[in-house]
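In the two complexes below, subunit A is the common chain; its partner is subunit B in one and subunit C in the other.
Presenting the complex of A and B:
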């Protein structure tokens, strides 16, 4: 029996010049019917709506591509997985399995990395918030502590009196790389001499072992040139350090900040066209280091803490449409079951959202709202979107970075996260929350528990 | 002190002058030969006078002390002295003539050394020939000399020397019946020292056997080959025993079969072929020389051996089955064992290290004798591409240059050199298209040395960063991979060649220090030729290993052995000899010879006490590469004579040219490194398996831990041997 065609409510749209593409066809939104071979319908049926999906294959492929870009240009390259970008244990373990170290920014993340089986001497400890206890633990484990400010440096010098091992430290350096706004809140400034001040103090204290130099020049850098500037400045610092103290640093850590293919709000071109690609970043950094005065026979290891660019593409959200309605001005709006509480990045990205089934070429300017009872819960403020009906499925692409760490439980409960492995099997890697999982942490004072008379 | 040294030099010079006649520097053999020379007392005296004259002259005139010590200037004079002393009655006049004869021989030695060195040929005993002929021809006018009658009245002589007992012994030997040929063999051997008795021959033969089993067996082979040839041609061999001729065949056999070439089946075969030639030379020259009534002595040996060595040296294709001995050891056996085991060292010395022109993992899409374009004159080339996990060279559909992983990737200088040629400005082809006109595309040729160039082709238009005449270091950025020339898809063409032109004929030359990734395992190659389908990357060396294995002459090592019962501390010195061969030596003067370069530390030889601590480091670090790749294994063989008992080794020595059944196999596995890039220590396990006919008889195991501090720990059988470079203490002393 032939399936009955779906009814689509007629719409009236103004004809704009250039709506047809070069083949005379009207633009039609492609559908994402499956992820890594697993049908979206199956995912939702099995794991509920919405569900976060992570593709193991995409993670591994992307990391390999990034590695290939760097290792074919620079002799020693190491990636350290930026925990804050996505610290789901399953995700971290995929990265560690591919040889990545861990880059953590808090005591909590540090313990998580240890629990994931990362040896202490393969953890890079960043961030402005490290307690004395954290520092002692990191020092004893032989982790690499990246000092952010003088107060932390004093702390480390004081703990180094008592630790059994010499703490391995590096300083975070911030500098003018020609970008605006210049990031100067992390680490010590290069231009005003603060970095030297910190290095002098470290070198004068024979209790600390200066292992490297670190910088994190910014985030979502869409052009590679600032990395070249930063790399040559760090290389110069390393060379001058060697001249002054006869001390060779082991590594230069270029931090993260590579853009992903997501489109920033207000960007003129789509992100997938503006993303320069790993090769361009690699070329900028490697050439700057190779062309520096660093001894070519003993080049420092190049560390990269790339997070977003490695994981964003691997994350999807699948869910269903809750309702359609017309706004007061006649504009169409659609309510879906993913809100800003789950898709935190929709505050700065124009996330790509696709239907999970074939649709007609008729699309209407639509505002997509989340399910929250909050005015700010907007996933896309304006997108040409085909008409989906209640219950129809959708897929939001490139949600792998930051969402699963920055999301919050608010109004609704957070859904399951599943992983599609390289064989196409699905695994739940984080269970959905239940009332119990929230209330288990709550405590009600005795007097409120008395039954009402 | 200096005087002592002089005496030591002279002592060595004298002893070696005797043993050098049999290409040996063995002291015991030398003593036996001295005894033999004194079987005729006066001949012995005149021989010794000659040796002293030649060596003292060489010393005073300031010739190379090492050569003097080796007896190189003495042995010809010795022969002249012996030869003169045996013919004439002892007298003051004869003494004078012998001294001047020694001087003459010495100067001829020096002159011939200078002349023949240009052809890398030895002077053998030609100086002796010229010396003794000169004396004999001259003495026809020296009426003051009387001919010796000693060799005629043998019994009188023997009685004077050793009384009745010696005569009894002598008679016993002389009267052995049968073994007629063996008697002639001993007589011929004795004739080397102008002795005409079997006793001398027996002493020399046992000395030769003690010195080298191979030389001994060759002496018999040489003798009997000639003996049979005489029989075949109907000549009378027994006459030779009385004319000092038969030894020619023995010496020829030893020299051609074992000394100047590595003993092997082929060298034995060639010896057998060479001997009839020597017989012909002998027979013909005897007629020529009879005109002047002088003996031809060792002339046939000199002619045959020189011809043979010279012919071998002029070969274009060297083959491993018949190789010149280029690093000569004390005995032919040792040369042979070393030849089979120290090939790594020889490789390192023979090839200029040219690495891969890329960084990171690359695959070989076409290797030597490839199926597309690496053919004929251009067959020794490699094409490099990058592939992904699915073995694809591109992402998306591969329709655009940018889809190819290798496109636009940087290319680095594979070794230091001068840019000899650059071609740029040829556009990159679209995928599938080729440029038949300018088929090499944008290319760079680098000169690494005389007749050694490397060429890199199909580069991206406009990406070349060097100009003709620039000097580049290994690892300098040259250009980026492109798709210019005869290249349907982006790849990098790399070849080694002998001429500086783009598109020169290729050379079959290995690449240096790279790894091959195969089924998750990493294989380390010091010198090799990557093959099609292999994934390779340049090997990067590990700083800790670099530090620990960097042994520079002048550096001293502090060594400590700890076990439950012992605690020994020693100091070792690193030194080198005049040929720049480096070695570690301990207080007892045991030596572990090694060769070190950028890629590793290779021990080549060990001399001295095998119970010393030094022998442990030799065994544990026999062949160590400076790169660390977990799980890689290095295997190589060590000279078996260092590991087996005298008895079985004697058997092996006899069989060695044909079959080496005793083996000592070294294996090192890189097991642990606490951190990929910033390690505190690196751990390896080495084993030495001693096998007899392939059966493992014994295994020695060493765990070696290289620490960041520069300390190396070798653990074995509950012992810990730690080796530390000694810090210089000068600063502390001045502070006091």
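Presenting the complex of A and C:
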């Protein structure tokens, strides 16, 4: 029997010569047929559609790259894995296996880190919400408590009367680093003297051990210069502490906030072109510290709580097209099986989405919707996309940061998350939800359980 | 269902509408449908040709064919019938 010709959906596309439109120009879109050697078709066949995929190799490679950038420029560097960015146990354990400490921002995350085998004295406890019980536990475990506000400082002084160990503390410092908007909600302000005041209070109390200084200047920082400003200001505080109290802090923690290669909505250039790279951040921070008045013989350890930039590239979503339809103005809309409830970051990123098979150079201006019966469920509002049909597979790149912690169960159930290890083997690291996983938390009052008359 | 007489279609799939100066591009299957319509083939004949020669099932073709015709009408490239 004669072999049939390869079929492609017939289309006609209007040419808008000489005028740039919001869809932009794009050559033929490449296909992502496999992730770390595992075919996308196999992933979906075995684990369902959609499936979240984490690449262990990418996590390890990215962390090694970040470490290289900093350790070649500064003598003492330590990474602490930002749990809130992705606290799947398997992901955390990869980072801990590579030597990262844990950086947590709640009692829940703290307990998760302990359960992952992280020793208490390798946990950094940030965040504005720490209960007295959390603080006591952290103090007894020798964890590093980063104080966010005076109420917390007084709580710690109070509990230090009863704890067997002297709480190890640092303060969180906010400051003007030249960026807009300036983040001033975390910690004590540098410019108005609040940070210096908090440090003096800690030093005057012999109950606490001041171990470090911390800052978290912002998020998705596309230029490294503000980190240099922040590092200089923290170094200046450290030098003042040494002069006044003859007290040397053990570390300076620059927090997180490095950008990833995802493209922010409204950005003119794609994120992969604007991401400065770890070397530029490292250069800014290490230059500022090395050139400061800090004692060169006893430089503090530089801590980094980088989250997004370390994990975003390691995450993928593989899924299927549910339908194509025409909008009232003739524009194509494509419905896929990943919604904004699962891909939370689509509210601020123009996520890259690719077909999982070879396509022709023909593409249509397309709006990509998720499967939710909600008008806000838009994954890409305007993208030139190839002619995929119902059932065809797609891959969304760079979904590793924040989605697997901020996603929510809504209308549909959340899917499996799998890990592809460095040998190319696949492992389920989070099961898909079932009706039972949700209803098991519900209770129905007795009077509503009566049989129908 | 016929394409307007003054619409020009090149061999490479470039479409020109002299009434308003608009131009369009077709992919291979789109060009084939336009050519067959210009030859006076019926919808049924066109669909039969596709299912016979291309790797496509009837349901998918029906869906895609209707969508393509809607777009031709949307661009005012067809005769008012």
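Please note the rule applied: the second predicted complex is superposed on the first by the 436 of 453 C-alpha atoms of A that agree within 3 Å, B and C clash if a C-alpha of one lies under 4 Å from a C-alpha of the other, contacts with A are read in each partner's own complex, and residues count from 1 in each chain.
Just so we're on the same page, a contact is a pair of C-beta atoms (placed from the backbone, for glycine too) under 8 Å apart; a residue touches a chain by one contact, two chains touch by 3 or more.
Everything numeric in this text was worked out from a predicted model, so none of it was measured.
With both structures placed on the common chain, the touch criterion links A:193 to neither subunit B nor subunit C. Judged by the touch definition given at the top, the superposed model places A:424 against neither subunit B nor subunit C. Within the superposed three-chain model, A:8 lies in touch with subunit C and out of touch with subunit B [touch as defined at top].
By the touch criterion defined above, A:75 reaches subunit B but does not reach subunit C. When the two complexes are overlaid on their common chain A, residue A:296 makes contact with subunit B while staying clear of subunit C. Contacts of A:30 after superposition: neither subunit B nor subunit C is touched. More residues of subunit A are touched by B (comparison of subunit B with subunit C). No residue of subunit A lies at the contact with subunit B in one complex and also at the contact with subunit C in the other. Residue ranges of subunit B in contact with subunit A, taken from their complex: 358-362, 386, 388-389, 395, 405-406, 408-410, 473, 475-477, 538, 540, 543, 674-678, 680. Those residues of subunit A that touch subunit B in the shared complex are 61, 64-65, 68, 70-76, 78, 99, 119, 121-122, 142, 211, 250-251, 279, 283, 286-287, 290-291, 296, 298, 301. Taken together, the subunit C residues at the contact with subunit A in this complex read 15, 22-30, 32-33, 50, 53-56, 60, 64-65, 67-68, 70-72, 74-75, 77.
Only residues 4-15, 17, 324, 326, 330, 360, 362, 387, 389-390 of subunit A touch subunit C when the two sit together in their complex.
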